[in-house]
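Common to both upcoming complexes is subunit A, partnered first by subunit B, then by subunit C.
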Partner chain A sequence: MEHQAKAHLLEHRDDEASKLGMWLFIFTEILLFGGLFLVYAVYRSIYHTEFHEASLELNVVFGAVNTIVLLVSSMAIAMALTALQQNKIQLSRQLIWLTVFCAFIFLVNKYFEWGAKFEHEIYPGSELLMKLKHGHILYFGLYYAMTGLHALHVTVGMVILIVAERRIKAGKVHPEKYVFLENSALYWHLVDLIWIFLFPLLYLIT
Partner chain B sequence: MSDNHHSASTHITPYRTLAIVLVVLLALTFLTIEITSFDLKAWNVALALLVACFKGYLVLSYFMHLKYENLLIKILVGMVILLFALIIVITYIDYLFR
Partner chain C sequence: MRAEAQEFYKGTYLENTGRYKGIWAWLTSTDHKRIGLMYLYAIATFFIVGVIMGLLMRIELISPGKTIVEPQAYNGLFTVHGIIMIFMVVIPGLSATFGNFFLPIMIGARDVSFPRLNLFSFYLFLFGSFLAILSQFMRHGPPDTGWTFYAPYSTTTGTNVIMATTAAFILGFSSILTGLNFIVTVHRLRAPGMRFFRMPLFPWAIYATAWIQLLATPVVGITLLMIIAERLFRIGFFDPALGGDPVLYQHLFWIYSHPAVYIMILPAMGVITEIIPTFCQRKVYGYKAIALSSVAIAAVGYLVWGHHMYTSGMSGKSLWLFSFLTFVVAVPSAIKVFNWLATMYKGSIDMKPPFLFALFFIFLFTIGGLTGLVLGALATNVHVHDTSFVVAHFHYIIFGGMGFAMFAAIHYWFPKIYGRMYNLKQATVASIIMFVGFNLLYFPQFIIGIEGMPRRYYDYFPQFQPAQVISTIGGFVLAAGLALMFYNLIRSARKGEKAPANPWNGTTLEWQIPSPPPLENFDEIPHINERPYSFK
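Then we have the complex of A and B:
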């Protein structure tokens, strides 16, 4: 035990501070998306009917499936941390891969959803969209900006989770030192948290 | 201090708790879809956002371990939520009374 304590001292680790840093980053992310939510809220109250008409174009099934996928992945990554803390390294790695797989499914789903919109010639700058009313253009602009920025976060989250899995495999992240996985999981939960608000706002409240 | 002095948090969330939270989150998702399929006018927005806030609370508390986090992080999260709420309220006051 004495030896371990010394090793820790030599490492200059401060897991509490690492986590605080991650939370501070999460706050900036919340305010980034918060700004977009604010723009959405204000334009929604100004162009009420247009937002209603435009939101009917969205397919609730795509949104609902992606919500389920993200919620399951969020639980999987939380369980991966529990598994690592309980020294079940194999299980932890499998759960991380499950999370990455869910992230991939989310992006595939998004690809088909956006693809269908593109086929109907609804995309930023399209001729059809430019002929629509001002409120419609704003709605689809916000739809692409918000889901696009979110999808970017999903992609980044996937990369971070794969890095975490590699580091567990290499023994750099282990049951005595798991703050990297903890912070990666926090980032993944943030992605889920944002979608929890995006889904009803864009797909459900018509 | 315990040997876990350097670990970020000593609390380990049981699998069972995480699974229950997921079931509740999924149930709330279907509830939101159901609620919004009826035309309740402005109530749709209020109910859907209320459910979303509760889902957010569950994710923050259990998945993100905020419930077992130290007071500093809890206060900071509270402040950020308050800041965002203020930004929304002030902007709306501006738009409504213009």
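Then we have the complex of A and C:
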């Protein structure tokens, strides 16, 4: 009893604070990408025809599949959180693995997409690209910068989700104390959300 | 149970070592007070490095042509002086040191909301600083772009720009996490009864600053990443040869770096707002106006970045709008100055060193602020743009403002931090020497700036030499004052007389606990039922 009281005294737990902190961090991430979106907006308005031409080079099917994969993953992680809250620990862990699997599929897809572009010698600094018009160079520069930074976030998100799963397995995250999983899920939704904006901006708008 | 807890937390924060001994007890500590002090020692060290670089530049400029260094080395000096002073000294200066130490105590909390994140921010800060200093000594030579990293030069020069921008990025990340921590702390950990409008005004200033850190820094983060990507992969964001626009870089850079000026000065204003009521034993005049003017500065400060770019090429409409907003942002700063003066009116003024520093702050900050209007007005700006007038204005605000407020804060809270008192007479003498040296150093720069002395130039026409000589002399006077101040503080931290818990008769919470504070600040969290600064 006494030991428990001491442990409670030493445990500085405030779930509301953790969530508030995570939301603030998400603001900063949005602003980070905001800089790239701003640059995109400026160059799109200057070079609108060339952006249109260059965007035709992208494969909408790749983008659409990845969008669906990410939406499914977002749903899975939300379900994982609900499952944990309802004390269905096995289900929760399975759903997290499903999310991680979706993230992996997304990256594999991205690998092939980028690989195809490299094959056609479309990458920053390539000889072919340097011969194209300014708008084309900037479009592909932005394409690589934005999807690259996003892919980095996908990778980080995967690591965080795997950590969350390990912590559930170890019993450190459990139905009474799930803020870690909640914050990981928030981060994952952010990753998803950014893609939801990247997809139309890069692939669909013509 | 309570007795056992008290046994566990016995002793001051300086004595209680926790799991490790010696230096490790500091390096692994998540106590906000120890982290604050570690920031203070690191920042003081970097400050001395920056001062030495400044003095080297002053010696170089004592006569036209080469004096001690080559032109390329001079370019490195002013760039690195800028990077160290801005990113490693002034931006974290007050909020990471005294904000860390006193924000939790002043709002009646035992620590910040995320103590481990706090320690992590500190290590990010150290790592970023390490990279910044390393960029000086690596192959290819120190960066020579100026601390602003303007494209396209920063994307083409052969010097260590990537390492320096990475350093700035990491330092920015540390700043974001500190800001995030403070915002959550203020929202979650205020003592019972302490409503927002019962918070002391230093926490208010830190709170407003934290929002700027959080919302502005990511923009410079992505901008620096774009510079790095541009150098590594030739993407062309800012390269006209590939269709990019260098002016866009300037916009992105100043979207952060102008609000950053308020990251520097807002906590300074917060310190002054604490000191003036205490040393006048008078209730602060216009509590709400001061609190809200901090928020107003944070908000409007976002929208004035274009005034750094009047001569870069912008539409006429943008020009007058930015100029107009620049004048608007001067209003809340002026509100604070008038409130400080009104607080002194009919107070019983006690000219102790912290108050003296605060007075110097008001004097220097006012000169800096008014010359800022010369720069903010379109017509006069074109005349003095990129001259040493800008250098003088900037140093009056940042060194005369934030720097002197930092010294004021050290002298104000020193007895609380160490439980010892410094030598008051030496501190007074040091502050006066610094004040005289400061004005000798920077005031001539206003004059030769108007006469056409460009900033960042290695060489100059002979007619500027008398002013340059006065400046250099002033620089050494200032350095002498600094040396005396450091000597007094370092000696007194170990050997000074024991200080009472409340030597200045302050009213805020940090003065109601012993000096130095106990490990967990408060035995019982106090209950607050009135505003601070009610002197009886």
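In the analysis below, the second predicted complex is superposed on the first by the 196 of 206 C-alpha atoms of A that agree within 3 Å, B and C clash if a C-alpha of one lies under 4 Å from a C-alpha of the other, contacts with A are read in each partner's own complex, and residues count from 1 in each chain.
Note that a residue touches a chain if its C-beta (ideal position, glycine included) is under 8 Å from a C-beta of that chain, and two chains touch if they have at least 3 such contacts.
As the structure is a computational prediction, the values presented were derived from the model and not from experiment.
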| item | value |
| --- | --- |
| Contacts of A:L31 with subunit B and subunit C, given as first, second, both or neither | both |
| Most subunit A residues touched (candidates subunit B, subunit C) | B |
| A:K110 touches, of subunit B and subunit C: first, second, both or neither? | neither |
| First, second, both or neither for A:Y47, with subunit B first and subunit C second | second |
| Partner chain(s) touched by A:R167 [first = subunit B, second = subunit C, both, neither] | neither |
| Partner chain in contact with A:D15 - subunit B first, subunit C second, else both or neither | first |
| Contacts of A:L138 with subunit B and subunit C, given as first, second, both or neither | second |
| Which of subunit B and subunit C A:P124 touches, first, second, both or neither | second |
| Partner chain(s) touched by A:T206 [first = subunit B, second = subunit C, both, neither] | first |
| Residues of subunit A contacting subunit B in one complex and subunit C in the other | 5, 14, 16, 20, 24, 27, 31, 34, 38, 42, 46 |
| Residues of subunit A defined as touching subunit C within the complex | 2, 5-6, 9, 12, 14, 16-17, 20-21, 24-25, 27-29, 31-36, 38-39, 42-43, 46-47, 123-125, 130, 133-135, 137-138, 141-142, 144-145, 149 |
| For the subunit B and subunit A complex, residues of the former touching the latter | 3, 5-9, 12-15, 18-19, 21-22, 25-26, 29, 32-33, 36, 44-45, 48-49, 51-52, 55-56, 59-60, 62-64, 70, 72-73, 76-77, 80, 83-84, 87-88, 91-92, 95 |
| Contact set on subunit A toward subunit B in their complex | 1, 4-5, 8, 13-16, 18-20, 23-24, 27, 30-31, 34, 38, 41-42, 45-46, 60, 64, 67-68, 71-72, 74-75, 78-79, 81-82, 85-86, 176-179, 182, 185-186, 189, 192-193, 196-197, 199-201, 204-206 |
| Partner subunit A, residues of subunit C touching it in the complex | 1, 4-5, 8, 111, 113-115, 117, 176, 180-181, 183-184, 187-189, 214-215, 217-219, 221-223, 225-226, 229, 233-237, 242-245, 248, 252 |
